[in-house]
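For reference, the structures are reproduced in the following blocks.
Note that chain A is present in both complexes that follow, paired respectively with chain B and with chain C.
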Partner chain A sequence: MSAETVRTIIDDLGALLLFTMILILAAGQIYRAIYAVAAQSLLIAIAAAVLATATGNTDLWVIAGITLTVKTIVLPWVLHRVVRRMNVRREVEPVIPVAATLALAVMVVVMSFHLSATLGPVNQAITGNALPVGIALTLLGVLVMATGKTALNQMVGLFASENGIFFTAMAVTQGMPLIIEIGVILDVILAVLVMAIMVLRVRSTVDADIAGLDRLKG
Partner chain B sequence: MMTGERSLGLLLFEMTFLVLLGPLVTGIIQKIKARIQCRQGAGVLQPYRDLAKLFRKGTVQADTASGLFRLIPVLVLAATVAAGALIPVVRAGPPSFPLGDALLLLGLLALARFLTAVGALDAGGAFGGMGASREMTLAPLVEPVLMMVVFSTAVAAGTTELGALAAQRGTSWVLAWHAADFLGFAAMLVLLPAETGRIPVDNPDTHLELTMLHEGMLLEHSGPGLGCMLLASHTRQIVTLGLVSALFFPIGPANGADAAGLLLGVGAFAAKILVLASYLALVESSYAKLRLFRVPQFLGIGFVCALTALALRIL
Partner chain C sequence: MNVDSGLNLMAACYGAGALSALLARWSGRLALSVGHLATLAGAVVGLGVSLSVLLGVPGRTLTQPLPALFPFARLSLSVDGLSAYFLLVISLVAVAAAVYGPAYLRTYSPDAGPARQATQVLALNVFVGCMAFLCCAGDAMTFLLFWEGMTLASYVLVVSDDRDGENARAGLLYMVMAHGGTALLLVAFLVLTERAGAFDFAALRAAAGDLDGTTRTTLFFLALVGFGTKAGVVPLHVWLPRAHPAAPSHVSALMSGVMLKVAIYGLLRFAFDILAPVAGPLPSSWGWTVLVVGTTSAVLGVLYALQQHDIKRLLAFHSVENIGIILIGVGLAMILWRREGVGGVLATVALTAALLHTLNHAAFKGLLFLGAGSVISRTHVRNMEELGGLARRMPWTAGLFLLGAVAISALPPLNGFVSEWLTFQALLGGAGRFHGPAGLVIVFSAAMLALTGGLAAACFAKAFGVTFLGRPRTAHAEHATEAPPSMIVGMAWLGALCVALGVAPGYAMRLLDAPTAGLLHGPGASAVVTARGPMVLSAGLTASGTAATAISMTMVTALLIALTAIAWVLRRGSRRGPPRAAPTWACGMSPTSRFDYTATAFAKPLRFVFATLYRPRREVIRETAGTPYVVRRIHYAGEVVDLAETQIYHRVQRGISSLSQSIRARSTGRIHGYIGFVLAALFVALLLFGVDQ
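Here is the complex of A and B:
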């Protein structure tokens, strides 16, 4: 594949990643957010495979495989199970209205484009829109965490935010050392598993609404 | 790639074609919906029979309605049909004389919407007023987003004239799709049910006060007037679908001057419209009507997608 083709494909994948992110932000039900984040991970895996064929970096194939199995199948399945086990209300209840979240999202996207334009030399070294899209994805993931009331929403947000970091790292460096990437993936797996167990345990004694944590301060 | 200009005769043919085919698209959507719901359903020609019946009937009018009320259906139909003239159907390429662009098209559709609401208010019925107020609440959410989607593709082509825009994109549309096109198309998919008055935004099948937006506004019309309004909404639907195909799938034969090229262009257009109509039918069968207060949230997805598409294109 020529560099131009790769750039176009990565750009297109970036647009689709942003679209799944918007779906997560606007999801009215937690199931839909989980499916959207699984689709997002699938796109990340495809991006890794594309970069692997383009650069001939075998590490990226490993990354694509791990992303596909762990983030597209296993983690969404765990989250899905947690939702079913908890019998929570499936509606997402955000702290601020969804319309306000979407307006904030627009600002984040525009801001990250401006931000990466001011980076100058760094920006020139990177192909296409990968950098601004990656920054936007990371920040939007944080936005999901900030506006979600339940721990489940925050898991989805963390997950999405990590996808953004991953996309940026991959597109910017054309493949980081394998050990770092695996470290990042392990981080997220651990975080999600720990949070899943915590949510299930906490749920059996108190409500999993993190708004209640306010009253914990001494 | 074709850059040949479209003559007046071709434009008139395309406009007539759109108006004549409009009810058929509605019929096909109804048929697909019926099949998905395991019903036999009425034939695809049913909308034509409905129209023929309505045009034979007399008109009953509310006492409170003014003289404008009788004119409304004709004006709405005229505005919608005029909008249809701006859609490239058979082949791409700008018209051979100054005609108008996508902005005029959206303006004409907005005018038709405004006149429909005025007519509903004029008759003085409670349902009509309700429908008009709801339609006017949602219109400012739909129209700017539609405009942004048009801009996001027009920026790349350097023109807002739909024929020239379609020609600019060429025939290899899927390879030429830029990242922004994916988001623009996603925004369009969200907007399509809103613009054509379908579930999850509106329900075209009932006049129930809980669901009605567009249908509520038609309650006071009868006979040929109602026929005109229905024909206008069929035309509006196919015009919107035609707009999507001109913006995102401008495939057509290279030299459509001869009869074979003309036929091929018509076939390609019909195929594209059929795909989009099946999408509408699928969405309508698999989703419930949203609560009115949830609709802005749904349309918000389209808004963010369109704005992001513009950001990808410009920034």
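Here is the complex of A and C:
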């Protein structure tokens, strides 16, 4: 593959990633957000595979494989299971209106592009517009966490934010040391598992979600 | 023995010991025996390795690379004289602990499940292995990894024994203090590794050569606080008297006897080897600080020990005292080293005293903790006031405990005396070389060391007298029986060490040659201290040796034995008629065990003298029957406070809680708000710092 082709593919994948992020932000149902985040992970796995063929870095193949199994299949399945087990209303209850959230998202994306334009040296030829997309994904993930009312939303947000970090790292450095990437993935697996267990436990004992946590304050 | 293969074998032994915890699936007792046997094997191999280095070719450093675990650091082991000497100290005590351990654990907690036994075996092997390899670390990364392993394993051991709230709190305090110290060490090491661009000590040494004075001193003080936390110097000692007694007794012996010494090793390695300037003396603030801290720890440690009635807590406070004595020697060596016109061989004497006291303290404190453990395993009581009269019931334990008590009180002819004598020689010699306030500080330090020795003797008169003499005060003490032979053997090994190091210390000086010569780049210990042959110790203050003070421990011992024999013969000759047994006259009352001197009463005069320090609280409630003349019952309660705890730690605690109260008033408790706040902060930071560049 020529550098030009890779650059186009990565740019297109970046656009698709941003699109999945919008889907997550605007999802009216929690299932849709989970599917969107799974699709996002799939896109990242594809991006890793493309970069692997382009650069010949075998570590990236390993990362693509792990991303595909863990983030595209296992973790969405866990989230799906939690939703089924919780047996609650599946509508997403936003803290602020969806329109306002989307407006904030637009601001974040614009700022990311503006920001990365000033970061000349990091903007490498092969990765094109990957850096602003990565930054935008990371920040938008946090936005999902901030606007969702239930713990599930926050899990999805954390997941998406982590995807952003991953994409940035992969695109900018063309593969960090394998041990660091694996460490990051382990972090997410643990966080999602712990949160999933916590959510189920809390739900089964006190029937409250995180919106009720402010009652704990003394 | 080949050192490389010795290290491999040692690792294999400790690894096998840790794995033997798996045997607990079938039998907990089997796991205990096999695990401790592996520790014993590892310790014996460690002895072989250290002796072959110490007695081998001087000045040689053996390096062995380790498998690469991290992409950014090459790990390696490196054994020189100092490493080997501390490996020797660790292995000597570990031998005793491994022999003593299984029987102790079985008698102390016979109903322990296999899970607990497996944990203890695993943690013990990891603990001892980490300490042994910590001293052999050849780079900062390996050092810190083993340091952390040592801390975690000892934490597991501290909380493994009795599962009550107090142990858990002691463990938590230990964990917090230890990690606070480790954080400072991490900073100190990382500053150097960042400058050096590598982790191995040789590179750090080169990087430290270019440091300016302020950075060097800052790094030293970071390390001093970091290592001092582990060593338990005042005022960083608060965790020590809580955590050490909570562990099983043979682990207490290892923690008090050895783990604190590992911190001393770290300090010596960091200050003398890595951080020291290429030429010229160490900055004078280092040595004086260490000297003052050591003196304070020595005096306060023994003073607080005097007021303890829990036998293991008392011993733990004595560790604070002895670390103080070691630090006096270290501080003096720092002051005198390479200093024009004053230093010379005196620095070697001071360092020799410190290192020898390290070994001696490991021997007698290990012995005392094992002795206390054998009492506790038989009576399940740690409070001395509930013991008494055990000398008749546990003669071997009593005898060996007495031996340790004499040694720690720095009485001839045992080993504690030798190293304190050398410390005195170094102090008095040093005082003569400095004029004005500096000389006074050293003289004051010597006076405090003398006071410490006297108070330690008083403390152990109390500890031994109240625990072993008199009559049993409770049924626990009354029905006590002698400990099993393997425990006695473990104690006797350390007891023999105390006697050997006390009677013929000159022969041990050869072991100190490599560490002192390697660290100070000067003459070795034996060239200075045993210049007149192994039978005579002298401080070697002048070249001709004429003005030097000298002592021959062997002659002192012979003299003491002769005097005792003469006194015994004379007394025997003067005795008229056979002895007659008769009841004690007690003013018409029949004496009970309550008439015996109690520990509280014994320590009372000192509680009066040092009342400003102790701030004693005393409460007496009399229950009378109608008239004030008929007293039914008197209830007495008293306690002393640890000044460091009330003056420093409680204030810090109050400060933190008031701060968190004020934060709580401002927090909403809404998680979306918090996440939004994080997002906004990120956003602003990116705009501020990202765009402008």
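Going forward, the second predicted complex is superposed on the first by the 211 of 218 C-alpha atoms of A that agree within 3 Å, B and C clash if a C-alpha of one lies under 4 Å from a C-alpha of the other, contacts with A are read in each partner's own complex, and residues count from 1 in each chain.
The definition used in the following text is that a contact is a pair of C-beta atoms (placed from the backbone, for glycine too) under 8 Å apart; a residue touches a chain by one contact, two chains touch by 3 or more.
All figures in this text were calculated on a predicted structure; none of them were measured in a lab.
Upon superposition of the two complexes on chain A, no clash is found between chain B and chain C, which fit side by side. Within the superposed three-chain model, A:H114 lies in touch with chain B and with chain C [touch as defined at top].
Of the two partner chains placed by the overlay, only chain C lies in contact with A:V142; chain B stays clear of it.
Centred on chain A, the angle reaching out to chain B and chain C in the chain A superposition, using CA centres, is 170 degrees in steps of 10. By the touch criterion defined above, A:P177 lies against chain C but remains apart from chain B after alignment on the C-alpha atoms of chain A.
When the two structures are aligned on the shared chain, A:A15 is found in touch with chain B, with no touch to chain C. Using the contact criterion defined above for the overlaid structures, shared-chain residue A:L102 touches chain B, although it does not reach chain C. Touch criterion not met for A:I165: it reaches neither chain B nor chain C. Once the two complexes are laid over each other on the shared chain, residue contacts for A:L216 go to chain C alone; chain B is not touched. Of all C-alpha pairs linking chain B and chain C after the chain A fit, the shortest spans 14 Å.
Residues 114 of chain A lie at the contact with chain B in one complex and at the contact with chain C in the other.
Of all residues in chain A, only 95, 108, 111, 114-115, 118-119, 135, 139, 142-143, 145-149, 154, 177, 179, 210-211, 213-218 touch chain C in the complex they form.
Residue ranges on chain A touching chain B, taken from their complex, read 8, 11-12, 14-16, 18-19, 22-23, 25-26, 28, 98-99, 102, 105-106, 109-110, 113-114, 117, 128-129, 132.
By the touch criterion given at the top, residues 177-183, 186, 294, 296-298, 300-301, 303-305, 307-309, 311-312, 315 of chain B touch chain A in their complex.
The residues of chain C lying in touch with chain A in their complex are 71, 664, 667-672, 675-676, 678-679, 682-683, 686-687, 690-691, 693.
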